[in-house]
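Labels A, B and C are assigned to the chains in the order they are written; within every chain, residues are numbered from 1.
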Amino acid sequence: MGMIDTIAVETSERQIAGKTVAVSTVLRGRPPSYLRVAFSTVIGLLRGMKMTLGYFLSPEEIVTQQYPENRDTLRFPERYRGNLRFKFPNAEEHESHAALVTQVSQEAEVDAQHAAAWMHEDNGARWYHNCTGCGKCEAACPNASIKVITRHGEILDDRELDRFVWRLDSCMFCNACVQACPWDAIEMTAGFENAVYDRRLLVYNLNKMAGPRINLIQDEENPDVRKRMVERRDRYGGPVPLNGFGLPNLLPVPAPLPVDEAVDAMPGQEGSA
Amino acid sequence: MSVRVCTLDDLLHAPLEADSDLTTQEYLVNMGPQHPIAHGSLRIVLRLDGETVKHVLPVPGYVHRGVEKMCEHLTYRQIIPYTDRLDYLSAIMNNWAVARTVEAAAGIETNERIEYIRTIMSELQRLQSHALWWGVTGMDLGAYTAFLYGFREREIIGEIFEETIGARLTMNYIQPGGLMYDIRPDFVAKVKRLIPYLRGCIEQYETLLTGNAIFQERLRNIGILDGAKALALGCTGPVLRASGVPYDLRAIEGYGMYGKVNFNVVVGSVGDCWDRYYVRLEEMRESLRIIEQLIDSIPEGAFSTLHYNADVILPEGTHYGQIETARGVFGVLIVSDGKSGIPYRLHFRSPNFNNLWVVTAIAPGWRIADFISIQSSLDLVVPDIDR
Amino acid sequence: MTHPMLAIPAALPAGSPWGAQTLAERASASQNLWVTAGYFLLAIVGVTVLLTLLGMVLIYVERKVAAHFQCRIGPKRVGPFGIFQTIADTLKLLFKEDFVPPQADQVLHILAPFLALLVPVVLLALIPYSPMTQIADLNIGILFVTAIGGFGVMGILIAGWSSNNKWSMIGAMRAGAQIISYEISATLALLVIVLFSGTMSLSGIVHSQSEGWWVWRGHAAGFTAFIIYLIASTAELNRTPFDIPEGESELTAGFHTEYSGLRFAFFFLAEFINMFTVSALTATLFLGGWMPFHVGDWAVLNGAMDAIPPGVWFLGKTSAVIFLIMWIRWTFPRLRVDQLMHLEWKVLLPIGIANLLIAAVLVLTNFYPFPH
């Protein structure tokens, strides 16, 4: 025991596969005398112990993150690839958030507070969307985690989104759908707390409204027509085509929560945008 | 030179010949699929005579997912996230291998900015991979503290990836014709801050494990693999270079910006576990050198030359491209029918599969603990073996 | 200049139990059967409480120390600073299935954990915690420690053999070879102290260090014996860098691979109690036990040191040795089995024998600093 090598690296040039490459060779060499070997062995062991003791004595080196406690201070990079959702349409396209809330409450026939709560409830879905139902994301998805179901919109006489079904259970968060979207309608967010007790709950509609893109709705002046253009879609409503079976009545469609409860029930850290 | 590879038949029907006058008995043990040294799910059948390993037979296949077959139904862009899941510690480099093959076959041009960023990112990932490997080697040999130090550096580099790419492990970053995202404005400053920090970390690695006599005793002159045998087994990467063969695609093919920067190919002089250990540590220093030379001069330009939704159709024929990942040569073989945007046949030449069979050649005759050293020095990633 | 508290009582006054040093002496000195039985009960309760307390504290400390060596925080959630973590772990192990493999030797498999725990518990009775706190002070104390300590390998061997598992078997065989080999060096180091102090009684050894601890008063021989004993006893504890019997990355869990639930907890507890016993013995033999730190006739310093109670000295020294053992564990990788044997038979044993000879010469010439 107690053999230690001195370590040296020697630089040279060598031929390989018809090319000359610069090479560093790792050399070996024992210290000359047995005493030196024993000495450097002990010194080497003690230096290692000194280093670990240094860490032991400096608590500021601790790197542990206390996860559930630090949920409020967790910061995610802007490009973090978590849950998929519809991008919130650009703020400048609306007069104000309050105006949008009013509009939503009128169209969904709920009061403004509920509408505000729904709009905050962003675990996957936003109220309006910029999706045309073109299906580019569905085509780009490597493992078929997206199913875009379109319908014929009668008012605009054009294709529009009916349901945007996302399979969280088979998604590998590769960002291909976001990259492929020509309308910049979807984004990946910082949502990552996806644990559920029934894996069927991992297949759901991303959109809250079936209907055309938000710009087309806003171009319409008549509020009654606007209201007829969109139709409410629930997260788990309707047959889920990718599941092989439907999810009727798996979850009762929840009555709108009072705002306080809705905010309490909100998953914590989604929506860093 | 040919190498004899042990088969299951060898193991089961070999005469029991314990090298002792005592009436002892050889026995078979399954190291894995669930075993700390498997680093995943790898089954290794050992025939032991007491503590001495007589035969080794790796039985891969416990993480086989049929990635190559799945890829025959995917476009070339869709293949890339699947390569993240092969050697997940070299995800960016695996992405690059597919991108390089597709670009060469389809004649897609890239600009210099793209190549700069690809090279820097690959070297960061190599650093990350080697830092983790260093920690895991320490853990395998009983120094559990080293594992957490290695992981800490890995996470710090992971922060940079997360900010640029949005993911820490499965990057899906390098695409045919460019990158998924441009670097962020503070990327250069952050990487420059990282370089001296990582140099300090490598010094700490040297203090904690390299200078430790116990650690040296566990690795030195254990599992000697000579260059000819390594070549015959198809080894690549640090395993091959530790055996004295300076074969590094970065230097030989000079893809990306590697042809324009100065760096040394690190080779070993003996080919034992110690050389495989120290070659990787030196490679980390070389990676830092490469990043240092590139980071200040990233030119302006687009981060992608190809629209994401553009169809990529390869000409009819067989196309092959390869990249030096942290573990060796990762090759992509694509057979295209020239009509559709998906490969007709596809094969990944993964470095870990070839490196795995080294154990059959060098482990017999060593003890169980040496087998751990050997296995650890090969730095295997099991999903890359099974695919 | 000896502190009155530290003076050895010249002779026991007849019929007076309080003149005695240890529980055993007090019990035997009393004429009343009930009082004797009461002392026995006190000894049993004392050791049990100590056992439980030590298990709880040491496992918690080990986890915290390991965490801070590794830039982590360690247990934090169960109770303030996670101090109830060990209790939570114990409860969890208590409720786990008590699984005995069907092919295992049922009786021995169940017996082994108790055997493993027995040895350190017996040794707890011999340690002089303070001048008045000791359960039994045998005049062959060192011999008893060595003999009982050597029995510790039985639990491990039986566990490995009875589990009917190849990994367990390899681990047990490794443990047997390792522990028996390192006994020799440990005993040689103990003999140095026996030579120095001229007694085998543990409290006698402590009293012999009133002028200075053997680790420095015994010159290089004392220090060498200390280092050898530290290495050899770490090896007997199966702790890194000598944890090859349970070497996690090689043998999954070694000899206790097939143990679960409370039986695993017994092995775990045995390991930690063993660590305490070994550290306490190291402190007693080399670091003066409960004896305060004295420098010759320097009355001011000696008086100041005497103000600290002996129990605190004992605990402090033991904790320091425990920390040293943990520190080594969380820094070094583990040895290979043949390197371990090499270290013992070719390095430690020759040094130990030479050290014993040097110590004998030192004792013959009475060449100490501050001689009696």
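The rule is short, and it goes like this: contacts are C-beta pairs under 8 Å (C-beta built on N, C-alpha and C of every residue); 3 or more make two chains touch, one makes a residue touch a chain.
Quick caveat, the model's predicted, so the values are computed rather than measured.
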Two chains sharing the most C-beta contacts: A-B
By mean Cα position, the chain sitting nearest the middle: B
Whole-Å gap between the CA centroids of subunit A and subunit C: 54
Whole-Å gap separating subunit B and subunit C, where each centre is the average of the chain's CA atoms: 46
Centroid spacing, where centroids are CA-atom means, of subunit A and subunit B in whole angstrom: 28
Touching two or more other chains - residues of subunit C: 69-72, 330-332, 339
Multi-chain contact residues (two or more partners), subunit A: 1-2, 45, 48, 51-52, 63
Subunit B, residues touching no fewer than two other chains: 145, 152, 208-209, 212, 214, 217
Residues on subunit B engaged by subunit A in the complex (per definition of touch): 74, 77-82, 84-85, 145, 152, 155, 162-167, 170, 172, 180-181, 204, 207-214, 216-217, 220, 242, 245-248, 251-252, 262-270, 274-275, 278-279, 282, 286, 308-309
Residue ranges of subunit A in contact with subunit B within the complex: 1-5, 7, 9, 11, 14, 16-17, 19, 21-28, 41, 43-45, 47-48, 51-52, 63, 77-81, 136, 140-142, 172-176, 179-180, 182, 188
Contact set on subunit B toward subunit C in their complex: 27, 29, 35-37, 51, 138-146, 148-149, 152, 208-209, 212, 214-215, 217-218, 367-370, 372
Subunit A partner contacts - residues on subunit C that touch it in the complex: 65, 68-73, 76, 327-328, 330-332, 339, 342-343, 346-347
List of subunit A residues in touch with subunit C within their complex: 1-2, 45, 48-49, 51-53, 55-56, 59, 61-64, 66
